[in-house]
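Order as written gives the chain letters A, B, C and D; numbering starts at 1 within each chain.
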Amino acid sequence: MAVDVATELAELKKKVDEMQPGALPKLSMVVFSGDLDKLIAALIIATGAVAMGMQAVLFFTFWGTAALRDPKVNVGGKDFMSKMFGWMLPKGRGKLKLSNMHMAGMGTAMLKDLMRKKNVPSLDQLFEMAAQLGVQIKVCEMSMDLMGFKREELIDYPNKEFCGVATFLADAKESSVQLFI
Amino acid sequence: MAVDVATELAELKKKVDEMQPGALPKLSMVVFSGDLDKLIAALIIATGAVAMGMQAVLFFTFWGTAALRDPKVNVGGKDFMSKMFGWMLPKGRGKLKLSNMHMAGMGTAMLKDLMRKKNVPSLDQLFEMAAQLGVQIKVCEMSMDLMGFKREELIDYPNKEFCGVATFLADAKESSVQLFI
Amino acid sequence: MAEHDAVKVLDLKGLPCPMPVVKISQEIGSIDVGQVVEVHTTDPGSLADFPAWAKSSGNEIVETKQEEGLIRIFVKRVK
Amino acid sequence: MAEHDAVKVLDLKGLPCPMPVVKISQEIGSIDVGQVVEVHTTDPGSLADFPAWAKSSGNEIVETKQEEGLIRIFVKRVK
């Protein structure tokens, strides 16, 4: 009898040990796009996640990093290509366009106006709320280098971190929700 | 005493058996987009995942399949529509455009140049690395048919597999990370 | 003697993401369990990525040194 | 006496998603466990979102009343 219990206990232990840990209530999102409407969606999901009691981490990469530029900051010492890219890319979230119906600025202006009328928080307000709620922002170092952005150029945001794909994957694989926007 | 242990053991066993299996350390990604920048992101995430000790599976569908065409291969026996599509779609990854700032080819050329200068692996190098690391490529049969692509037209890649949505879902539901690009 | 008794140096200078973690994941198997490899990288993202990689792969970052224009990371193979 | 003995009213009229759930998540801590807050919202999405939020955060929707141009949701703090 006692032996049986020991055997069964050992088997059960083995089974439990082999189980993969379940995911955490956590959202990991790649913000690849630099489109205004997609950024609004990303920030609404992230702030909503925190409201739901989840952790939220946003990884800004490629065009997404341009949305993090601070329009008030100018940095020198850039090479020619970086300067070119700097001019071509939107300087901060005030300059972002819609993914759709931008129509030379008219569509984008209309949507912003409509959002104001309908009380939908603006991207600025969403960033502020995200910071308050503790949404984490991590920035792809390779994109920063590629686009020629310097760290001083980015907006102030609490505990902003610079990293690579390994950091995203470490977060993503323990998260119950992952998205690429 | 003995009864208590046996009962508790039986209860514990039942509990363990009813538990949902946790996700595997695995990445399943739908590569829907045929944009150069998004494909670079997809391949970086996939190779990074293998470096992190995960399995990685990429499902190429819709515009993504065009990126898998081998520019050196010409196949005959296509009907009119398939020929049309064949001409209109980019033939291989060398012909892909940016999702943003393509600017009649100038933006795309600039980014490629910049990537070379910054030592960022090109899409070709990323595919090679992915093959070496064992990233799996699965191709949507329906997209192949829709775009009129033949299997012989696609690049050589180890263990390339042709499948449908059920294969993706079987992979995705046991994966800890799923993305749609 | 090499710091932390590192048995080899992995030169990853100039390589951006994802190369540093791909390379360490390929090279870690070339040293014995318990041994240390010294990684040289210029990618600031590696400061966050190597600990993330080590945790995920079950290895250990023994020390990280930031010098002018060079980051040195000492990785011990644990598994 | 307030319905369901609600100890306070949270006025969220005119605020669209994600504000209603963000606000309730911030305000629920201001009442004691067992107490009820009465939420006023004009966002029809809240009819689905509040139960989802309550389930996820471990709280309870005591009652939901739909009136002309106003939704009133009674939320009890459980945790």
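The rule is simple: a residue touches a chain if its C-beta (ideal position, glycine included) is under 8 Å from a C-beta of that chain, and two chains touch if they have at least 3 such contacts.
Quick caveat: nothing in here was measured; it's all calculated off a predicted structure.
Novice: From subunit C, how many touching-chain steps at minimum until you land on subunit D?
Specialist: Tracing touching chains, the least step count from subunit C to subunit D comes to 2.
Novice: Counting C-beta pairs in contact, which chain pair has more, A-C or B-C?
Specialist: A-C
Novice: So what's the Cα centroid distance for subunit B and subunit C, whole Å?
Specialist: Distance between chain centres: 28 Å.
Novice: Using the average of all C-alpha atoms in each chain as its centre, how far is it in Å between subunit B and subunit D?
Specialist: Each chain reduced to its C-alpha mean, subunit B and subunit D end up 43 Å apart.
Novice: Using mean C-alpha positions as chain centres, tell me how far subunit A is from subunit B in Å, no decimals.
Specialist: 22
Novice: Can you list every residue of subunit C that touches 2 or more other chains, as numbers and ranges?
Specialist: Answer for subunit C, listing residues that touch two or more other chains: 16-18, 21, 52-53, 56.
Novice: Give me the residues of subunit B that touch two or more other chains.
Specialist: Residues 25, 44, 48, 51-52, 54, 118, 120.
Novice: Is the chain-to-chain touch network here best called a line, a ring, a star, complete, or other?
Specialist: Chain contacts: none of line, ring, star or complete; other.
Novice: Looking at the whole structure, which two-chain pairs count as touching?
Specialist: Touching chain pairs, listed by label, come out as A-B, A-C, A-D, B-C.
Novice: Under the stated contact criterion, what part of subunit A meets subunit C in this complex?
Specialist: Touching subunit C from subunit A are residues 138, 140-142, 145-146, 161-167, 169-170, 173.
Novice: In the complex, go through subunit C and note every residue touching subunit B.
Specialist: 14-19, 21-22, 24-26, 52-53, 56-58
Novice: Which part of subunit C faces subunit A closely enough to touch in the complex?
Specialist: Contacts found on subunit C: 16-18, 20-21, 43-50, 52-53, 55-56.
Novice: Could you please specify the touching residues of subunit A with respect to subunit B in the complex?
Specialist: 1-2, 5, 8-9, 12, 15-16, 19-23, 30, 32-34, 61-63, 81, 84-85, 88-89, 142, 145-146, 164-166, 168-170, 172-175, 178-180
Novice: Mind listing the subunit A positions that touch subunit D in their complex?
Specialist: 25, 44-45, 47-48, 50-54, 118-121, 129, 133
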